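I've put the structures underneath this note.
Next come two complexes, and both contain chain A; in the first it sits with chain B, in the second with chain C.
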Partner chain A sequence: MRAAALWLVALVVFGVIASGCIGGEETKTSSAEVQLTGDFTKDAVEIGKILEQNGVKEVKFSAWGSGDPNSVMRVYGIVEAARRINKIWADNGINVKIVITDTHYVASFQDAYKEYLSKQPLGQAGDFFVNSYAFLPTLADEGYILDITDYAKAYQSVIDDFYPSLIEASKYNGKLYGLPQDTEARPLYIRKDVAAKIGFDLNGLDEKVKNGEFTWSDIYYWAKKAKDEGAAEWGLIHRKGSAHPDLIQFIFAFGGRLYDPNTGKLVVDVPAVYKWLYVEWKFARDGLLPEDIMSWDWAKQIHPTVVEGRTLFDIGGTWYWTEWQTKQYYAKGGTPRGLKPEEVKEWFYYTLFPAGEKGEKPVTLSQPFVWMINSKAGQLNPKYDELKDVYHKLAFLMLIKASDPDINAIHSVISAHLPVRKAAAELIKDEKWLNDLKSLNLDLSDEVKNNIRDIVQATVNPINAQFLADVSYMLEYTHLAPAHPKYPALADIFKEAVDKVLRGEMKPDEAVNYIIQKVNADPELKDAVEIQGEIPKDWKFPQG
Partner chain B sequence: MRDVEARPKRYEWLILLALLLASLPLLVGFSLLMLSSFSTEMVTNLDPGSFHFTLENWINLFQGKIATTGGIRVNIWRITLNTLIVALGVAGVVTLTSTMAGYSLSRIDFKGRKTMMVLLLVLHAFPGVALIVGVYLLYRLTFPESTGFVGLYSFLYVILARAALEIPMSIWLMKGFFDTVPWEFEWSGIIDGASRITVWRKIMLPLIKPGILSVALFAFLAGWQDIIYVRTFLIYQTLATFIEANIEAEYSHMPLIAAAGTFYLLPTIIFFLTAQKLLLQGYSGGIKG
Partner chain C sequence: MRGKVRDLSFFLSPMIIMVFLFYLIPLVMTVYISMTRMRNWNVDRYLTEFVGLYNYDRLFYMFQHDPTFKAVVLTTLVFVGITLMINVFGGLALALATFFINEKSASSYRLLWLLPRMSPIAVYSLVWYYFFHGSEIGTLNSVLMHLGLISEPIPWGQVIPWGAWSIIIFVNGLVGVSFGMIVFTSALNQIPRELVVAARVDGASSWQISRRILIPMIKWHLLYVLTWQFLSLLTTYPHLFLLVQWDLVNRDYGTTLALYVFNTAFGRGEQDQGLAAAAAVILSIIGIIGGFVTLKVLKFERMMRRPRGDF
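So, the complex of A and B:
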């Protein structure tokens, strides 16, 4: 028995020591280094020459991406960047080639992140990884992604062309860990046909929303009118789920906040959260918003209700604009079909998410995607230890190339996300360029052309480009959900509370207390969250 | 309780009806999945109006397109091959190990035999998820330095790890089958001068064929269906991880996922249909002893 106990102790000790050894990085210095100058061609040629001198003929990289199916340029941008660098090398007589060996793409960006987390320590994760900025701090903390601050200094002119808020989202502890790939806004969509039936004049509404004159009380008024007069089945439709920030916009619209940069903690802003839940509760009690919407089906209930005009308002994302064209949500008249661009334009008005009440500001919320480089990028290549610096800098150059304005603009137009560079925003306004994209008469590899052909056919037209240009101003009003490891857990609790008030199981004040109790019940979450403020007394909704 | 043979036939339809009713939710579920795979939208609420026939989902699936427009093309045949390698690997390892171990436990009296049998049962009680941290630790410790073997290693590891979960139960099953074979068969072989291995191979194994088939089949299905181990250890995708990765409701074209799900079900259905008779023999053989 004693011997068995000793064996067991020895085994546990071995396990602990072994697990400590895992992940221990060897500190080898690379023998070949390269200095980036900011002249792209010169830098690429320099790197190519060093590789060639070291006998490297082929550089293998893999690219991992995730998101909606139209966002394939998140991966093909890297494929195209490789081709462009290969061309520079070929033009300069350098016999080296970059080959993208694996283009891994999954729909769920949370799943992709988890997969990266588990495969990176084994050296099996993609060399390039595009995902939400929200995961960047954790990946940077773990040492799983490359710090590109110094590399970027040489390319300051390119960095300066990105929208500053998006560059900030790509930083952690003041260091740059990636380059923005795309972002979006979350407009409030209004059905023009339903509005017309109830005498809701949409002319100049945009300005009223911007000035904070048109608030959620007005939305309530018109939603109720639409319902009472039988113009629509519902007043408002919004999405379900928690991690997505659509509903979180309410907190900002009511002047609240979610994060305290001074303490680094998440915030439950009680007054703002109470007002948000009150609005949801009131809409559902008056039959303007389905009380079970948090369990509605996306394809069979949420989107069809919107595209068939069975609601006046809808809270959505910019990508809905093309999603409604490419997916068969509209089933009036029998066979389901996608909307024509002309129909989307004719039926939908769009504006910022209005202020919660007078005195507050309209908002939108973005979740930028960021291109990150694996801290072990290039490890599958020959002489990785000696040429580590060269491979890493080459990977950085590929990100710079993948951020070329035309690649970014193509991604924006075909996926209805907003461009991250000013030069790309200019390009999507260019009618000639748009026509060239439509006919794929652009300098792109055949692989990329073949893989985006059907998306281009379905999405590229002046109406969609105009839409993107029209909503770009929303980035000036944007907020970011906190990039905090505990945010998803808090967002889940918010979701539960919303569901409970919608179903009438709790009143708004009870739901706020429920949130506080749930936060306090989880010690880790409790440490990460500050509860601020109190439930406002005598607050009325709708206001006069 | 009467014997099967003596039960009056006239109530047969009643039993059939009860069985049908009991299995109705399952049948409806699978039927809706299959119907949806041939429809432009998911058939989920028994509304015939939502069924619009199309072959597009299957065409897209075989072309590796995960969305109606867009998406990165995947090689579905490669993914199916990966699934098959894991499933066949698990079936092979489990069958070989459990037929040998089952024979030893049934026929050979060695020191610690009883303890081993108890430990096997205890092992079976541990769910795979609970073991995954330890198994992952071992994976990290034994991970090859050379990148050239990583793919092969991850296949081998996932097969061994998954098989290890199946082996305890399979050994017990096989022991039950060996127990049903009378000692006389074995003795006659040994008297004729055959070694224990020869007896096992030439006399015992042919006698318990249905048992081997059922163990192999269940092990194959365990490998085919596994998601947690495959997701953690295998660097390639299998059908299970492919479906899981694309099921995110908002983005995915669900009828296409329904086609993938139906495709994923096919081997199971085919195996059960073709091996039904042998399996039933195996079942009765297992409990007779």
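So, the complex of A and C:
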């Protein structure tokens, strides 16, 4: 019996060790280091030499990205960066090559985030990860992505070309964890043809919106007119948001905020939230906005309703402009097809998201995507422990190169997202460059060209480029949702509240109380959120 | 005696090793992790951060304060209760029905019922997403509107509580009924054919044969399926998750306790494994208690008798 007991004890110990709870101590090794100078070619050559001296002939990296169908440059930008660095090495007689082993691209950026989160600890996540800045805080907090603050200092002149608000979006606790890849704005689209039917003069409307003259009360007035006069089935269609609801633009439009930088806490700004929910509730009760919009299908309901002119207003995104051309959402006249650029231009007016009421300012909302580097980048390559610093700096140089103005501009034009660099914004206005892009007469690898050829044919033309140039000003008015690990939980609660007021399950004041109750229900969320202000007593909507 | 013990240890050791590796160690680790702040799969950082009953405190705090928790409890009770009846008695009905018909037809018929279970979860859920969709693109709404029975589409899944409950029960019931069917069919096929033939000769109807002979002889299997399905339904959430995530059914009345905990731990930006482990422990305890009560109420001990040696 004693032997049996010893057997059992041995098995338990074995099991515990096998589970990885004990053991696995690290061994220390010498490491090679390299200093970044800010001269890209010089730094690349220096790194290449060190790799060659250590017998490394091939450096494997993988790139993970996500998003809409036309945003594939989020991973092929990395592929192109690799080719350009390989060319520098070849020109300098260095026998090393970067190989991109995987371009993992999925439609849902939330799913991509969850996959990265669960695989990074196992060493199975992509070396480059491009995703919403909203997830950067959690990844940074867990040490899953590389802190590139010091590397970026050597390349300050490049960093300075990015729009400042986007660099700020790539920071967590004051440290830089990635480089902006693209951004967008959430314009209010207006159907010109529907507006004409009801005598809605759109000339100079964007200036009125900028001045705060045209507010959501005016939106309500014209939406109701369109509905009442039979010009359109709906007055307003909007996005249905999930962990990052686009509808929080309303909070900013009513002068509210979501984050207090002094306390580092999220904010539920009660007056602004109440006004937002009231507008949603009012539009739905008057039949101007579908009460089940939060359940609508993107491809079968939301986009077809907009492109077929069954609504006057649509809260959308800049990327809609080209998505409407490459997706077969338009089914009037029988066979579904994409819109022609001329049709999009003829049918759609676009402007900022109007101020909530007189005295407030118009806004827009951006969700920058950020290139992030896995904190274990390059781990599958030879002598990782010794050359870790070298691999990480090479990964950083890859990001710098992937952010070349022409690569950023290509992505911008074909996906209808906004450029993140001023130099890229200039390129988009260059007619000669656009013609070169149209014919793919550019310095790009064949792999990249083949993957974007169809998208280029469908999206590159003067109308689309003009649209991007026109909407770039919106970045001056943009807001970002808070970069806070608990923000997705709060956003999810907002989404539920909006759905309830739209369906008439709750009145706006009940929904505000619901939000507060849900926040307070989780001790951790309660600690991370401040409830500020009270439900305004005498607020009216619409206002005269 | 010593030699016998040594022999037994030798022959049992592979099973003992497996039990340790795949059951006891994971169990201990789950309980341990539920007492850490483990999140975002960051083993290196959190595995050694012991926080006692913090995760349990947090869970019970949520249970008390979340305004939607009452709906979650109701949904869990209704979903588990009704789906359990459908799975057990539906499976029994199918098994009995196919027992009395030609074997070839019976096999084809049973195969049809296995399709839901064999379908990938996402594909299966997508079928019902479009079938029950609350607008005119929903198949059910489309058919009813063409027949003139309704003039406006009905958002079935958002009619609370019974619209949401009906859909989740239906979708899961279709998947689950086949389990009972297979077990009962196998059990029925073990009953000596002579008993059935003798009863037929004596003039018994199919109903009488079922009630007097077949069902009593598969009591143990009934108990097993009932208990197993209860434990399974208590912790299932994949189909529910998709239907809720796609906004087909109302969030509050489409969410059971298992899905509520899954969403709380994994659906809000962070991936809170510590909280999930605590929830798993709680659900396990509920399941164990429920299973124990079920066995007691149905007099499990009385079925575990030494065979009389009649056969």
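Criterion: the second predicted complex is superposed on the first by the 512 of 544 C-alpha atoms of A that agree within 3 Å, B and C clash if a C-alpha of one lies under 4 Å from a C-alpha of the other, contacts with A are read in each partner's own complex, and residues count from 1 in each chain.
Everything below uses one rule, namely that contacts are C-beta pairs under 8 Å (C-beta built on N, C-alpha and C of every residue); 3 or more make two chains touch, one makes a residue touch a chain.
Not measured: the values here are computed from a predicted model.
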item: Contacts of A:121 with chain B and chain C, given as first, second, both or neither; value: both
item: Touched partner set for A:298, first chain B, second chain C, both or neither; value: first
item: Which of chain B and chain C A:108 touches, first, second, both or neither; value: first
item: Contacts of A:379 with chain B and chain C, given as first, second, both or neither; value: first
item: First (chain B), second (chain C), both or neither touched by A:455; value: first
item: Which superposed partner A:328 touches (first chain B, second chain C, both, neither); value: first
item: Contacts of A:70 with chain B and chain C, given as first, second, both or neither; value: first
item: Contacts on chain A seen with chain B and repeated with chain C across the two complexes; value: 15, 18-19, 118, 121-122, 297, 300
item: In the complex with chain C, residue positions of chain A that touch it; value: 1, 3-4, 7-8, 11-12, 15-16, 18-21, 114, 117-118, 120-122, 134-135, 138, 142-144, 240, 243, 292, 294-297, 300-301, 485-489, 492, 496, 499, 503, 505, 514, 517-518, 520-524
item: Partner chain A, residues of chain B touching it in the complex; value: 40-42, 44, 50, 52, 66-73, 134, 137, 140-141, 143, 147, 150, 154, 231-232, 235, 244-254
item: Contact footprint of chain A on chain C as seen in their complex; value: 5-6, 9, 13, 16-17, 20-21, 24-25, 29, 40-45, 47, 57-58, 61-62, 65-69, 133-135, 137, 155, 157-158, 160, 246-248, 251, 264, 266-271
item: Chain A to chain B touching residues, read off their complex; value: 15, 18-19, 22, 65, 67-72, 75-76, 103-108, 111-112, 115, 118-119, 121-124, 239, 241, 297-300, 326-328, 331, 335-336, 379-380, 414, 451-452, 454-455, 457-459
